[in-house]
Amino acid sequence: MSRSDFAALLPLLIISTTAVILMIAIAIQRNHKTAAVIALGGVGAGLGSLFFAAPVLPRQVTGLFILDSYSFLYMAILLCAAALVLPFAYDYLKHRHEYREEFYVLALLATTGAMVLAASRNFASFFLGLELLSVALYALIAYVRSESISIEAGIKYLVLAASSSSILLFGLALIYSASGSMELSQFTAAMTHTASHGDSVFLVTGLMLVLVGIGFKLAFVPFHLWTPDVYEGAPLPVTAFIATVSKGGVFALFLRWFQVNSDNRAGAAGIVLSILAVASMLTGNLLALRQNNVKRILAYSSIAHMGYLLVALLAGGALGASAATYYLMAYVVTILGAFGVMTVLSGPGWEAASLDAYRGLFWRKPLVAAVFTTMLLSLAGIPLTAGFLGKFYVLTAGAAESRWVLLFTLIVSTTIGLFYYLRIVVVMYARPADPGTMSEANTLPLPLPATIGLAALTGLVFLLGVYPSLFWNAIVAATRNLG
Amino acid sequence: MLGLAGLLTRRNLIFTLMCVEIMLNASGLAFVAAGARWAQPDGQVMFLFILAMAAAEVAIGLAFVLLFHRTQLALDVDAASEMRG
Amino acid sequence: MTTLFYLAGILAVVATLFAVTRRHAVHALLYLIVSLLAVAVDFFALGAPFVAALEVMIYAGAIMVLFVFVVMMLNLAEHAMEVERAWLKPQSWLGPALLALILLVELAYGTATSPSALSPTNSIGPKQVGVALFGSYWIGVELASLLLMAGLVGAFHLGRHAIAKEGEHHVTSTDATRTDTRSDLVHAGSGGTSHAA
Amino acid sequence: MILPSLVLILIVGGIGSWIAARRSEVFARWIALGSVLADLSVCLGIWVGHLGRSQSTPKSWFVAFDLAWIPQFGIRIHLAIDGLSLALLLLTYFLGIMAILSSWTEIDERVGFFHFNLLWVLAGITGVFLAMDLFVFYLFWELMLVPMYFLIGIWGHERRIYAATKFFLFTQLSGLLMLVAIIALAVLHKQSTGIFTFDYEQLLETALTPRAARLLMLGFLVAFAVKLPAFPFHTWLPDAHTEAPTAGSVVLAGLLLKTGAYGMIRFVLPLFPGPSHELAPVLMTFGVIGILYGAVLAVGQTDLKRLVAYTSVSHMGFVLLGVFAGNETALEGAVVQMVSHGISTGALFILAGLLQERMHTREISAMGGLWETMPALSGAGMVFAMASLGLPGLGDFVGEFLVLLGAYRANVPLTVVATLGLLAATLYGLRFAVNAFQGPNPHHWQLPDMRPREWAMLGLMMACLLWIGLYPQPVLNSVRQSLAVAQQSTFPQEVVRR
Amino acid sequence: MLQLLWLVVAVPFASAALLALFGSRLSRRVVAIVGVGSIGLSAFVTLLICATFLTSVPPNHAYVQHLWTWMSSGGFQAEIAFYLDSVSLLMLLVVTFVSFLIHFYSAEYMQDDDGYARFFAYMNLFVASMITLVLAKNMLLLYLGWEGVGLCSFLLIGFWYNEPQNVRAASKAFIVTRFGDTAFAVGLFLLFTRLGTLDIQEAMHRAAVEWSPGSGIAVAAAALLLAGAVGKSAQLPLQTWLPDAMAGPTPTSALIHAATMVTAGVYLIARTHVLFTLAPHVQFLVALIGMATMLLAAFSAVAQRDLKRVLAYSTISQIGYMFLALGLGAWSAAMFHLMTHAFFKALLFLAAGVVIHAVHEQDLYRMGGLRSELRLAFWSFLIGGSALAGLPLITAGFFSKDLILWQSWAGPNGNAWFWTAGMAGAMLTSLYTFRMILLVFYGPTQAHVKAHSGFAVRVSLIVLCFLSLVGGYVDTPPHFGGVPALSNFLNGVLPALEEVHIGPITEIITALCASTAFALGLGFAYLLFGPQRARVPATNFVEKLWLAGWGFDWLYDKLLVRPFQWLTRKSARELADVPINGLALVTVFGYQTLRRMQTGRVRWYATGLAMGTVVILAIAFFVR
């Protein structure tokens, strides 16, 4: 292993090492603040090391990793997301009677898993990254053990994720058995196939099973059933984590190895993916239509957003990957902001998940409400926010490749989606129904770390929405050699 | 397949976990078989990783079993349907 | 070799079938162990003796013991059997079985239309596996250890007495890990696998 | 820098008045008023400066502004103003002032946020009228929706949420279709020329297959038809107009609807001359259906604002008819109709607002004989009702007449049917004027008549209507050149019969 | 002097605006001075202009005053420009002078009304619009005036807005005339599209050159204009609004619904006579309409109980005469009758106003014996009525009507039917006129006089009496002096009628017949309604039918009003919303279906996973 290999792996190493250090630190002395600072420091160092390691790119380390600008870009996104989740988690845990420190260990491990996914090029690293992410998430979801819904969510996630993993593994085994190679590039190769005969049946079957596994993680319809329950049951920071880091990591891999281009559009996978995209967009938005739990709404909306991402991916071409990446970036920032607001509004022992908790928010906390509105509008894709440009890029990518059916579905479902985002907004701007009920939240001052985080996210949402060139060039550079 | 069927059928959480194990094992078997086909050790390596993952999985899974048993005094997975809709 | 493979395969399937359908957890577990052993034989037949050994030791040994332990500890009463019987009515398993059958057919179709994946192969010994493991897959090993660490920490956190609920222990208390059965079990499980690594 | 400053003044003014409202509400109102006035004076300045300009140079903007924004997609902040934009901008600021004045006493809670939204809507509208980059156009197009949504959703009447949501969903869905069409157009342009651009002038030269052109045109058209609103897409309008606060109704009816017509003139006709020509008879038919349908429904309404809202549907049918009639007369008539409808309907909404402020009801049946107690207000109501029913001498007549005159040349039967709209207009106009202000006063209303502020507002609007009604030439002259471009691209064979 | 023409319009407009805006703050005196004075000024200027016009005839016998370009767009150009020729001058004189007199009368008559300023504002606006109509150089400006007078008519009928039936009558008038206006507007489109201009003279010129007589286009154009004229002039089938319009103040009825506005249709047809000449069928239709209206309205007038309604039907009937004349091509005769009619009908209305004011009663059967107490009114009625009925030689009405009757026989389009009908009409006219006079002024006294008229009223009445008597001498037939001054004056614009049917019936016979008809009517009236007869309102079916104006209202109500009301009621709840709501319902249904999938059970979720796998595998296998 050369120095540059080491340098290239540095981000991964730093994060995992931080996890270990943190565990040792916990063993020595339990301190919430210290733990949080260590974790944040580790993530910060990881981010820094990205720049440090950038000159050695692109680099293939052993057979497992490919470290290039693309994986680094995604690592950066993941690390940023993690860095932003942590302050919210800190505030959140501060109000909980619970051992808090392990949270950071698990979060760091999960982040590592996601980063591994972003960089992997082999079945083994794919699988290990995925499982690292999943296993850490099992515990994170049920982290607040006093909540029965958390446990329930944990169990559901565990059982389903393990099942989907085994399906995925079976698929991997099939592909391996058909091709004799454990390279992830087999996916790309397999996508050109239709199940005609011979090995290609193995390949296609395997690919479909892999798609089930990935689809489960990204919550494509019909593998989405877990999403709302887990989102609802998991503690808010964990929900945010699932929505951003977990999905981001899996998507990074998905995007890289499931590149759709003119060669493989006719393949079975392309068609299946198109169907999944349409189903996800419609189902997600429909399901969110009349929910009364904001977490569930965001869960369902995440299904739809994954559908949009799939559209970008299916558009393929030079634009598709860039558009998908940009969209993901926008989505991560936005959804973090949304969950951040929810975290900020949650009090000790309860979460601001019910729609009623937001009634008249604007008249109590105008700034928080404005931030939340911004996030919701960004999710809905209203101009000047990140979400709009994301959607714009997706549409452009789709139009460039003439994926009209997908685009049309996207538009229709976006409109449906608008309805429930607006519902939340309406509730926020409505007159407070009963001023007495919300007095607890009224008195709660805004915690500093979360405030900083929210400010940063709001800034990012607007920056992404108004001046995309800043990021777009980097994204294009990173994704150029993919498509 | 059987594991999956079991997963769908059994309501006892322990059985559910067992079924998951069966499925994982089957995947492992598939990997080893594939590795054997190409005469590569990679399949077995994969199996090892699967093994490790299964262990971790079971550890957390059983922790859940205990936790769940403690809160619900039963192992009925269908009882864990507080959240729906 | 092939005969052995198929014999053991059939045994594995039958045993798994029993494992899934038995009402008593311990019985089911025992069937499962049989099934795992049969799979180990399969591994052997496929020319993977090292993995076969591991299957026996870790799967059949460690992990299943873990299950048994939990089952025993929870001390499922007899009435649970009645409940199980009620839960296992035809209408409750018919659908899933059907679904599984369809999936099986599809996979079988896939397999049947392709050339047989099974061909007599030369055996791959522990050495080759070890070389691969610590050669090209060393990072994988590290990741697996991280994975186990995640499992460990998670299980440790979840299995701990829920202090928050009782509210007896304040969060600042650096409560020493209670060496109860559960954490032992966790250690046993992870210990076994790390040994394998 | 003049053009971006038009938008910026409003945006900054909006934020300013939001902040200022924490100290003093009156101050916030003045800030809002001041910023709109500033814009108005800027526009007037441009107008005066270019009034005498010769019309020989087509397609040259009075003022333009161009700044690269997202170079990867060739998106530029390209703003430009010509006669058409200018006329509509003047209308925008005029009605903006009216909207602020009309909410002077009506809105008494969250004043700052109200003006913030109001000014941002105006900013969005300004942008729509200025943008010469299709992406930027879409941006502003959407930008004006959100604050409008808040205006309706927060300060509206009883069913405000329903109305606001309906409004938003309708416009958003159609807007997204337009966005796709815009993008597709840009992509096609790129495929044929290799240049990625959203610039209006460059996209004008895109070569399109007839099929592509038709589809893209429909994408644009749907957005504009919803906003206009043309017949089958109009159902958001009565709800939104009825539930919005007065200022919201004024801006909605007076300005937002105009953006739809503007879009048709500016984009649909020049960008897709072929399909526009093809579809013109269909669209004219829809226009005529809208005229009659809106009028008939207006007659049947019991809610004053709803009645006025349906008259808008009817009037906008004239605009649609005029835009696609394909000759200069009709097109210019459509623009005059846009301007004067903005004023007359705006005034009717203000009147309805004044009545509601005094009576706390909008039901026509609860009114009657108001002349007795509020002669001035009732007189004003009579004037605007007459304008709305197309009395010659007031603005709407000029527009409607020119539209019909032009449309007659294109399609006789349709025009004859459309003329029946004038008859139906009589019915709703009288229903408004007679049932509210005349007849006995069964409820014994004793209400204060107009205050000086209200007088000034309505008087000014009356004067404007009279001016347009008797001397619309300045408006016609200033928009002629812009319209000629649109008209000649689509209907080149339509030579004026002499 | 002719340059002052614009003042004739501008002064009433200005004073209307002034009174509308500030009227409520001005004293009644000031209002009266402004309101009446402005019209007086107008009339004065008109007089000056008339003098100039007569003394130094402008080139082409017409004077054009161009003010500004109204609108100009894509080849279409309309100007705010006035056109003065002999016809418009005649109209202008009639309008300004009659208006002035009626204003003068109203200054006193409306003294006690709350809406004094409002009244004068409306009236001034009306005069301004009417003058615009008369002077308009192009059709569009004419249309502006046309609609303007319609508006004022509406406003004035509903002047006492507190009475629901007044408001209803006003709306009815507006809507019914709007029917005609709509057709008129279409006519304008047609004319412009085919002729490329709306300038009246230019258009007529082009039409004469480009269109062949009897061509479809000419017929269409003429028919459309006719529809407009029919609406405004309350001819069949749009006559129903006028009787109801009597709800307005009496001076309004005198000015708008008798003397000026309702004759605008006649003016319009006279103005565009070229078109009608080109479309003989339509012209014949004009005559038919005129004849039918004249007779039907006359019958209705016989049965009316309301004093003003009698006059209203009489107005309809007289305009029918004018239409008859127009239809026969006797343009000058129509204008002549228009002028005389303006005088005597204004007189009758004003006198009726005095009566109504005096007894606060409009029902003929509740009046009677007012001869001695309301001497001036009685004489006015007598003179006006005689003029209306055509008392030979000494009244204006005789000459004008005689001219029409003669030309209905002698004109190129005339025939015996028209002539006979005209005679019958004359007889009926005489009948209802004297019925009215007999019922009001003779017989037992039933109502008591509560108020007496003052100076202004008296002066107005006397002047009008004078005009009603001598107004006819401007155009006397050959046998009665033979000074066709008016016809000659108008001939520059309106072609004279050549007399072709001079056969057994000569003009003198016609005049004798007309006189006989007058006498017959008078006789019947005396027999049927004389002071010796019991005063019982009509009860039999025919009379009821007449009373109800031949049931047109009933018919329209059933045929148009009710279906339309039904339509609006039905459609008030947005139909176009149905598909939208359906879509929303489908969406919600989708939501609920999908939501049911989220059972919260792990096993179900796992099933979902399995099913998904099955499905996508199936897709992958079967889609190639």
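In order of appearance the chains are A, B, C, D and E, and numbering begins at 1 in each one.
The definition used in the following text is that a contact is a pair of C-beta atoms (placed from the backbone, for glycine too) under 8 Å apart; a residue touches a chain by one contact, two chains touch by 3 or more.
Keep in mind that what you see is a predicted model, and the values were worked out from it rather than measured.
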Practice problem: State the smallest step count from chain B to chain C, taking one step as a move to a touching chain. | Solution: 1
Quiz item: Which one of the chains is farthest from chain E, going by Cα centres?
Solution: C
Exercise. Taking CA centroids for every chain, report which one is farthest away from chain D.
Key: C
Practice problem: Name the chain pair with more contacting C-beta pairs, choosing from A-B and A-E. | Solution: A-B
Quiz prompt | Central chain (by mean CA position) | solution = D
Exercise. Between chain C and chain D, tell me the centre distance in angstrom, where each centre is the average of that chain's C-alpha atoms.
Key: 69
Quiz prompt | For chain A paired with chain D, centre-to-centre distance based on mean C-alpha positions, whole Å | solution = 42
Self-check item: Whole-Å gap separating chain A and chain C, where each centre is the average of the chain's CA atoms
Solution: 29
Exercise. Please compute the C-alpha centroid of chain D, do the same for chain E, then give the distance between them in whole Å.
Key: 37
Exercise. List, in ascending order, every residue of chain A touching at least 2 other chains.
Key: 124, 128, 131, 135, 138-139, 142, 145, 154-156, 159, 163, 167, 174, 177, 195, 201, 204-205, 228-229
Quiz prompt | Residue numbers of chain C (touch at least two other chains) | solution = 95-96, 99-100, 103, 106-107, 109-110, 117, 137, 140, 144, 147, 150-151, 154-155, 158, 162
Quiz prompt | Residues of chain E that touch chain A when the two form their complex | solution = 587-588, 590-591, 594-595, 597-598, 600, 602, 604-606, 608-609, 611-613, 615-617, 619-621, 623-624
Exercise. Could you please specify the touching residues of chain A with respect to chain D in the complex?
Key: 363, 377, 382-384, 388, 392, 395-396, 399-400, 407-408, 411-412, 414-415, 418-419, 422-423, 425-426, 429, 468-469, 472-473, 476
Quiz item: Mind pulling up the chain A residues that touch chain B in the complex?
Solution: 123-124, 127-128, 131, 135, 138-139, 142, 145, 148-149, 151-156, 158-159, 162-163, 165-167, 169-170, 172-174, 176-177, 180, 182, 228-229, 232-233, 291, 296
Exercise. Can you check the complex and tell me which residues of chain D touch chain A?
Key: 69-73, 110, 135, 138-140, 142-143, 145-146, 149-150, 153-154, 161, 164-165, 168-169, 172-173, 176-177, 179-180, 183-184, 186-187, 190
Exercise. Using the touch rule from the top, collect the residues of chain C that touch chain A in their complex.
Key: 106-107, 109-111, 113-115, 117, 136-140, 142-144, 146-147, 149-151, 153-158, 160, 162-165, 167, 171-172, 174
